[in-house]
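Notes for the one structure printed next.
Residue numbering begins at 1 within each chain, and the chains themselves are lettered A, B, C, D, E and F in the order written.
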């Protein structure tokens, strides 16, 4: 008989029951989780500060080893020389002082990035992607693939340049190596015309929601193969019926299945250098399914990257 | 830099930050919002009385000017000689005394109708559509397009003739000019056979949910062009996954996208003389997405009617 | 005018306002409801103990007689010589003492089964299906059709052989007459490879979610016609957007419409000897739509079996 | 060992597991429960329509026989020749048509009153006390003892004379035998000066919250002994911390202990001819403690009246 | 009969149905409400950004004119030459950029202060009291009376000097006229020893919760009479049973009654120059009683200040 | 400036940010926390399985070092040679198999007890106190002080001898060294007369709620001084207004202040050998104040025991 193990609600909640480490500690791992419980840059309903802890708890339903029906999705720590996943805890953040916060986020991200193959960043609102991307300034020809209902390329919103509407604008200004952004899932009434024009002027690819399914394969193929990709998943890309726990939901979004097909294609063709999952507000979904879905998305993405996912099995 | 403006949770909540007016005041506008916080005529879970205020708050995420990605949906007050929208507040209603309530609803609706091109009525349960329609007794050959899971054409339910199951029956009895009703989205176990027969005897068009997508275009084309249409949207027409905050949800309903395609077609072919949105019960949806979706529906419909919506752009 | 009758929130809540009886009383009926408020065998979020009462309350929106639009789904007590439905109450269960609980469940199920054509069992977690199936040990060549995201065929989980992961494993060990299980809707990351292999070794049919729609008809036709079928519906087979109130939701599940198409086909080709609905946790869905959907599913299935459902009308 | 019995969440929920009867059936009992799921006469937050069912469910934690520590509060069906309690179900009510509703309430109350010693009426909003009191028109020199934050003696509110602000005004107009009302627990900012004056002109006793504890004994002694008393308990008399589930909470209200001391004194000195519990809105208290407290209040009051309560034991 | 008027859930929600004005408009009033929907300076559970709107809605249950039982608390607009209350809306705030936010708060507070006798500031978290107090730099010998579980006099917390732990420290540094602070209701485990010492070194009066009742009268009398008092009410001063909707509740706090006795004594002896109510998080209390209590507190305080409250009536 | 540190919602949640250890690891500490996420032995509303994790999260608002106002309650890790607190995680429990679960609980409790001075056990329902007490079989003349609304001394309930109604009955049968139990806070309608008699026959002290305040000092003094005391706190001892998150609330319970006065007296006169906190159901209290209060209770009790609490300071 196997060893006794905890049910999902039992035990101290590190991500997927991984070893807890310090970002700057003495460790190596395939993947490392880092939380950024920061949500003061959003402009509507707060709560993303609670996401890292909620994701840790939800992840306990998906602790490896696991394998899907017919073994199409598998993740088995025994196959990894280094630890498969470690949990680097959360960045220590001030409640105010945004610039200090951004500095700490960048620093911790750099430390984690130096010690693992795939850092997994748990936001926080989408503003954190800017300081996170700064940790990847040394990767030549970095691509960003963004899943999002909104463009987040606005220059200034409500008198601030660092809100969750602007992370990619700031990143493009700072990081010459950030050559291209593809955004999947755009929809809704409100678009900043200047931002749309600026993104297009830089050559970014903007994919409205209704074209995602028909075009994602072609679009990913149009990128030169095997590029380093930072994958930024704003959970409001999902349909709010599927994931209601987010600050600014927009109807008619992604299903989980389509999202995973897209991610599998990204993994198959390119090299995912990091993953962030942002804008999850667990306090806005009393059914708890929002964090469960986001946690599963992370685990399934890791399985794909680790090499035992569906696309390796000929699916 | 643009003027400072409120985030959606800031400021006194008039609809879309419109000017607050009295229904019988000295104003003109393209559209005017009138709330009817009345829900004692429904037979299950109350809460629609809270809808007008919830819709005002949710509308603040969609204040014009706005434009969708690629400008397909646009609404810009600067292009309107009159104010684009005013908020005429709510009808003052007694908590009992249904007949008195109906009288006040009709009176306020008449006042608002006389001052704008498109009145937008915020229910309230669906019983309010009967006194609202009475304000349109003077429009020759009025058509109603109803989005609804239920027919609402029952003669008597639980000993009352004025419940939210009967508004269209009463309206057809009172209003000789109401020539035709098309109902989209019908589904569920419970239909009043007498009501179905009576509606068909009058020549109404009953479209079950599973036929909406395949047939709405044909059906709208089968109407003579450019008819005056009163558009009545019972939010239980939506799939409960998309909009759970309603008294009597029925599975397998409309998506937001299909609904807007249908509404765009109505606007393209006919003349929308008024819009009501009823049966929203914000207290039944702690995620808040129900009122956000209904508020966006109103704004996007106004954009279509105002002439800058997707169907004008060749979409 | 018809007799006064209760609105759904009025009156003592027996299932569909049926007569309350004892499981071993002196009665006969077409269908009989038996609740099993037992949820200590699940491994995540409790609450299924509240499901029988929640289903009784929700059922009051669907009390017969009813008929769908165009009479496609009908249930009319007047057409039944015996009572159409009785409510046999709940099995009296200890809060601990699992073996005693299983014994009582089997005994009450036998009593109910002896007195009606279609027992309807309201779980409880899925572990109750094992003692329920024991009441059907006397039916030659019994088939089970299971709607479920999970296989529930695990030998041992967290040190117990009787959890909600194992009911069908135990049943197959005990019941030689249980010849075959078809499971529709399987999905998710975690499958017990031993359980999958064991189920296949017995010849069971495992249908992943993404193949349900394309294959259910063929699969049901591949069974010899008119077999006795025990229909076990774990509500986590549904998409969590459609039914969020369940312990262990998995994204990308069944819609209500597809589920009813599948059930209609089962009824059309085979003989449903019993129905259970398990894993509903009403406390996890504050919108209330989960129990409403599950109650409607039961009523619509009964209408199909009783002979006035859609498949009899040539739909 | 005792007979197996249900845990509180098990079984069909009649009040305290009492026999279900019709109001006009062939039965006799010490106490009979009658629900009035009616809440369209209130002016703020609805939900009292759900109270009768919630009270039935909560009552299952307090099913007799029971006895408190040291036997001070006891209720034992074995000591009653007739059934101790029966559950007469709910009055069948239209969702609109207030006058018809009032007629049905009075009729059912008369039927129940004729068959038991202590009817227990489960509101509904406080407007139902007017038609309930009409069933007691034949009791000479009827006294009402009202526990309430509000006076409910207003002539007209928001254009209606039958709202939950007016039941006692209407009753005093109609019932010459209603000689006196004592109201305990009054507090808050809003009092209708005309109503206060009218109540005092009739000689009613108005006891502000802050005087309840010091004066209830004296006040009850000042009434002639052994008077017939109709006890009307608006649950907003309680402190909202103790019972938050009510439409219009007012801070600084009654504790449960003080309420029971007051009720014990009423029972000791007078003859309780009926009890109503109104304005409970279970949907406004997700902790569930509101209905549990109200159900216990009913059971403990019945124990006092039945003769085994604390005041009979010399407490 | 009186004019028809709205039930509390009806109509556009300005505070107490007051006229909406601009902070810098052309108006005069006795009291003016100004909202500050700002909560990014707190260190635990967000939501105070929703408080101004929630307080407006809750205030509609307490619209003047009103008078308590026996006229002890009265507020009657007819007795005021100027408008009694106006609603100056909310300060327009950026979601980040704390310094800019503080500047705007001070500016709007100055504008409002110049136009009314008693500004009422609706927070927001407690950090807003610092920029609010800056608007009172011109009042000689300003006293602050603070109701609060926490001292909020910390120099630096989590790397910021402007959090909701520091408003009074910053104010004392900036405002030479702020001569003294009395804090009522202190309790809990966590006190910053340096802050306690600093407050005492300045001569501030620190009153632990358990001494409030016995000492408030003496303490207020020990102040020289008729001083200008800024009254700052952190709602976590209340017992969490009474007001659960706040970020950082501490057990064993103030009742509403004791709070009003204290406030009445302040009003009787001194001159209230402004009132703020902060740290209300309506999203944390689904029963809605938190905002109802806080709204009533404001109205009752205004009644006392306006001169018709209980202390003027000899209570 | 002090080191950066997490806000309460940041970082991996061990209890009070203590070091995570294994129950049988190589460590020594003053206090050690052990969770028992087990709630299948209760008979009403589940959720106590979620308590250990909720208590860990809530404890982060009370991480030492801290000191109350005036230093009356202090806890400073720097004053402890061993670690002040470690977090030994949760016992690994099966979802069924009660006997196996009890064995594992006893074993882990023994391991923890051997390594620290004060084990702190986080339930789970109250049934876990029986296996916990078995770990203290070696302490001569063990006393239990129980805070509880219920006696929990029932022989058999609903056919089981191991439910949360029986832990102390089982413990007294098994542990000859358990010489006496004092239960504070008893109240409610339902007492098992046989259990009351049996407890009294053993000489236990039963203190009804209404006598706690007047008698706790006398009662604790009546015990011989300096006895080993196991302190078992069922959170339903608290008033439900103060702590609503529990399965079976009973009105009129303990305040936090009275509870701490009682605990301080216990600590002052006796030797606390362990502490358990049981029956917390965080899922039943959406305001979150229940777990915050229970976490603070634990921290404040530890401060008292550690020697820097209020009673050491002459309070």
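Note that contacts are C-beta pairs under 8 Å (C-beta built on N, C-alpha and C of every residue); 3 or more make two chains touch, one makes a residue touch a chain.
Just so it is clear, the model here is predicted, and its values are computed rather than measured.
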Exercise for review: Chains touching subunit D and subunit F alike, please list them.
Suggested key: C, E
Review point. So which chains count as neighbours of both subunit B and subunit F?
Key: A, C, D, E
Exercise for review: Could you compare the number of C-beta pairs in contact for A-F with that for A-E and name the larger?
Suggested key: A-F
Study note, to complete from the structure: subunit B to subunit E, mean C-alpha position gap in Å, rounds to 40
Review point. Tell me, which residues of subunit F touch at least two other chains?
Key: 4-5, 7, 9, 43, 49, 93-95, 158-159, 241, 286
Review point. Chain pairs in touch?
Key: A-B, A-C, A-E, A-F, B-C, B-D, B-E, C-D, C-F, D-E, D-F, E-F
Study note, to complete from the structure: Within the complex, subunit C is touched by subunit D residues 4-7, 9-14, 20, 35, 37, 49-50, 52-53, 56-57, 87, 89-95, 104, 286
**Study point:** Complex contact set, residues of subunit B against subunit A
**Key:** 1, 4-5, 7-9, 61-62, 66-71, 73, 239, 241-242, 255-257, 286-289, 292-293, 296, 299-300, 303
Exercise for review: Could you pull out which subunit A residues touch subunit E in their complex?
Suggested key: 39-43, 46-47, 49, 93-98, 100, 157-160, 162-163, 283
Review point. Where on subunit F is subunit D touching in the complex?
Key: 43-45, 151, 156, 158-159, 186-191, 193, 196, 206, 208, 210, 240-241, 244-245, 248-249, 251-252, 284-286
